[in-house]
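Sharing a structure, written as structure tokens. Questions coming.
As written, the chains take the letters A, B, C and D, and residue 1 is the first residue of each chain.
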Amino acid sequence: MASSTADRITVRGFDLAGQLMGNVNLGDMAFLELLGRLPSEGESRVFNAMLVALVEHGITPNTIAARLTYLGAPESVQGAVAAGLLGLGSVFVGTIEGSARVLQEATPQLRRGERAQEGGAGSSSVALEDLAAGIVAEYRQRRQAIPGLGHPIHKPVDPRTVRLFAIASEEGISGEYVALMNAIGVEANQRAGRELPVNVTGAIGALASELGIPWQICRGLGLMARSIGLVGHVLEEMKTPMAMEIWRQVEEEAAPQDERR
Amino acid sequence: MASSTADRITVRGFDLAGQLMGNVNLGDMAFLELLGRLPSEGESRVFNAMLVALVEHGITPNTIAARLTYLGAPESVQGAVAAGLLGLGSVFVGTIEGSARVLQEATPQLRRGERAQEGGAGSSSVALEDLAAGIVAEYRQRRQAIPGLGHPIHKPVDPRTVRLFAIASEEGISGEYVALMNAIGVEANQRAGRELPVNVTGAIGALASELGIPWQICRGLGLMARSIGLVGHVLEEMKTPMAMEIWRQVEEEAAPQDERR
Amino acid sequence: MASSTADRITVRGFDLAGQLMGNVNLGDMAFLELLGRLPSEGESRVFNAMLVALVEHGITPNTIAARLTYLGAPESVQGAVAAGLLGLGSVFVGTIEGSARVLQEATPQLRRGERAQEGGAGSSSVALEDLAAGIVAEYRQRRQAIPGLGHPIHKPVDPRTVRLFAIASEEGISGEYVALMNAIGVEANQRAGRELPVNVTGAIGALASELGIPWQICRGLGLMARSIGLVGHVLEEMKTPMAMEIWRQVEEEAAPQDERR
Amino acid sequence: MASSTADRITVRGFDLAGQLMGNVNLGDMAFLELLGRLPSEGESRVFNAMLVALVEHGITPNTIAARLTYLGAPESVQGAVAAGLLGLGSVFVGTIEGSARVLQEATPQLRRGERAQEGGAGSSSVALEDLAAGIVAEYRQRRQAIPGLGHPIHKPVDPRTVRLFAIASEEGISGEYVALMNAIGVEANQRAGRELPVNVTGAIGALASELGIPWQICRGLGLMARSIGLVGHVLEEMKTPMAMEIWRQVEEEAAPQDERR
């Protein structure tokens, strides 16, 4: 993935100093790491927007964990950031992986469906709705939440999803994965009888699929972006410490009986 | 450090199944890892007591971090425990390392002092007090806290220190490191004009020194013991979850303006 | 789980200094963390043996990871140990969890089976074999490895399993979980036509079940024990560094073209 | 740092969906996290180039650690990335922090020196060389390596440094920190009598200082960039596994006697 001689470093076939540095941005570099090629201009805009959406989420379990870790080990900024990343599992950013998986496992069926019908206007959208209905029914039967749908605050729509899908459309990157994700959202809303917007992780799962990123590594999109946000929170903790006060409050709340050393 | 054939596993020279399992306890095994030999009966009692003292400290920054991490990544118990360990740095368990270092770096001087005086009753204790005075003066001049002294709650004495030093004395393991740690405590109390008891980390730093454990790895004593406590807290979080409520409170406290996804 | 006043620390109902330190060993303390009570003498011997078996496995992916981490961040012993623990997931110590889960999910059936037959000599062992046959058949159909069976080196038996089950038997702790684990092993051997001994993780999964430890936290047994072994390896890396040489070799092997900074 | 209502998310004063997504790239977002404002066009180019330079370094201790961790815990991509980050401490990316610290602690003196001389053409550069000489002398006396200087392969110059300083110069961002870093390099070369180029971490330390990033968080630049590279390596490990073979080789090398479970 990288090689070097005294005066040249090659990263995935590119001259790092001569071709990449100063010419591509950090999001493009992430794209190169995942897909082995540089993005087109449109792909770059979409992919950077996806990552930008994930960088900063304010006070979350993982930023609190990072601050508490920094409190005990200020010699190790890397430890605080790592502790924060460790909470980005199946429950939080894992839904990017989950929604991408649903879409990527469903679309071979979709394509087979299309072929069977031998085209005709609208035939694809019919198959799409059937596919969405099947997915929603399956999750409802298992009583599981569909990954990438629903948000406690952002209702009836998640503004990040609206924006991401608009950018993707402007850049000509919106295809069957986005269509299927939206169809799943519509179906789930109807069946559940309550607002289940495609949330930011569902939107990113769909766009990652459009870009050809395998679902198995989609959790990594969250890790890339949130490590940036976590560094920001560690810097905030250096400037305006919160961790000691969090500890004090949790202790107080937990009971009068817990000790401090 | 370990080798095996089809029917025998050797760990640091011992037959694991035949000599260690069923015959030695977990603390003895930790002793073997650190010192390359099994402890005597007295050493075993002292060393196990040191580790037992560190296992469970109730609600601390690292147990909170572990619980918050588990909330986001319940598929990865190892991630929650690792996140908790990452906060065991220079500020918390690091004082074991710090106090052991002070003692281990000071005692060559102590021994030289003794030799110079050619023995005589009481000569050693005089040198010890001088050494303690020098150490305390040095820290006061640098306006640094002496590692292993002082506690917000356990005053005028830390009951764990009292117990550890009593056990060590019973087992004949209390020597010049314990004496020097105590002398430093006495001197610091007098100079500071307030109660600065030798706390549990100072006591463990002194006893680790008596046992021949290099100060460079003394932070590891905390890691060994607290990983046990952290597993306990992850189990508690499974049974009686606290993390979601901690998040809610921290968010509420931080401001009305932080978001949740 | 812990509380304190100036002169007393209470851990899970016990006076830490007065009742635990000096009286119980580190394994007993781990038992207290997991089960909320101290072990009997027999339980203590079995449980300590289980953990002792897991402490040191020589050169493994996680000890290599810990050494490589220490190479880059020697200021953070906790980071090296945490990096090592992070590899103790579904593939390695996860099989303790896996085998405990198989057993704990199967035994309600076993008990129902016994009751239905209204006892009679031998009736239980019949049910047990049927249950084992069903479990083995299910895994074979899914083409999955049964957790806790098989070992590349320790064949036809894992000496740690032999020893653990012998100790458990001596201490009167061997019951239906051990019997079912053994029955699964026998059945799997016959069906597979090759040696699939109950390995050390299967034995520990069975004994953890006998002791009442929920399968969900059984991965934690590995974390407790291996954190001790990892501290030992970090100390070895301080004394006899291997990490730089490992890096050099992997680089050389990977290609002539990888760079070093 | 972030707040939200149903239809709007605000990140550091910006409307995330309306102002940031689709308009700024990932590097700009990282700049916003560290400096609380968006970069100018020139700053964006320089800052993105700094991070791009750090993303991918091929086979390094931290990418090996990440792969080994993934081998044991494939359910936890976050654990593999976190394990990789934990090795980014004082020895590797820590030199960014180190060189930024040297520069940021030195420049108040530099400015005082300038003022004392009441300006005049060339006066600053004289002071600069004196300052550089003092710093080099100090490190030589302590027998410590100057952070940010020297490279085993990239000699007599590090091509990334050349490129970074050229971009910074084009964008008008090259100032006294870059000048001082270069002066330190020249002085160190002369005094050491061997090639000690300003390496990529020294260049980034200087440019971070130009951009106003406090040295205390400069290690975070490496964490941001390398988390992207580590995700890339985990994906590679999924596609072309290396970890098992690394383990086998290390074991073989270490001795014939180490076991595998």
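Heads up, the rule we're going with is that a residue touches a chain if its C-beta (ideal position, glycine included) is under 8 Å from a C-beta of that chain, and two chains touch if they have at least 3 such contacts.
Keep in mind that this is a model prediction, so the values were computed, not measured.
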item	value
Farthest chain relative to subunit D (centres taken as mean CA coordinates)	C
Chain pair showing more contacts of the two, B-C and A-B	B-C
For subunit B paired with subunit C, centre-to-centre distance based on mean C-alpha positions, whole Å	25
Length of the line joining the C-alpha centres of subunit A and subunit B, rounded to whole Å	40
Multi-partner residues of subunit C (each touching 2 or more other chains)	1-4, 9, 57-58, 73, 75-76, 78-79, 82-83, 86-89, 153-154, 257-259
Sites on subunit D touched by subunit B in the complex	1-4, 9-10, 73, 75-76, 78-79, 82, 86, 255, 257-259
Subunit A - residues contacting subunit B, complex	57-62, 64-65, 68-76, 79-80, 82-83, 86-92, 94, 151-154, 199-200, 242-243, 245-247, 249-251, 253-254, 257-261
Sites on subunit B touched by subunit C in the complex	1-9, 11-12, 16-18, 20-22, 24-30, 33-34, 44-45, 48-49, 51-53, 55-58, 76-79, 81-83, 85-89, 153-155, 157, 159-160, 162-164, 166-167, 214, 216-217, 219-221, 223-225, 227-236, 238
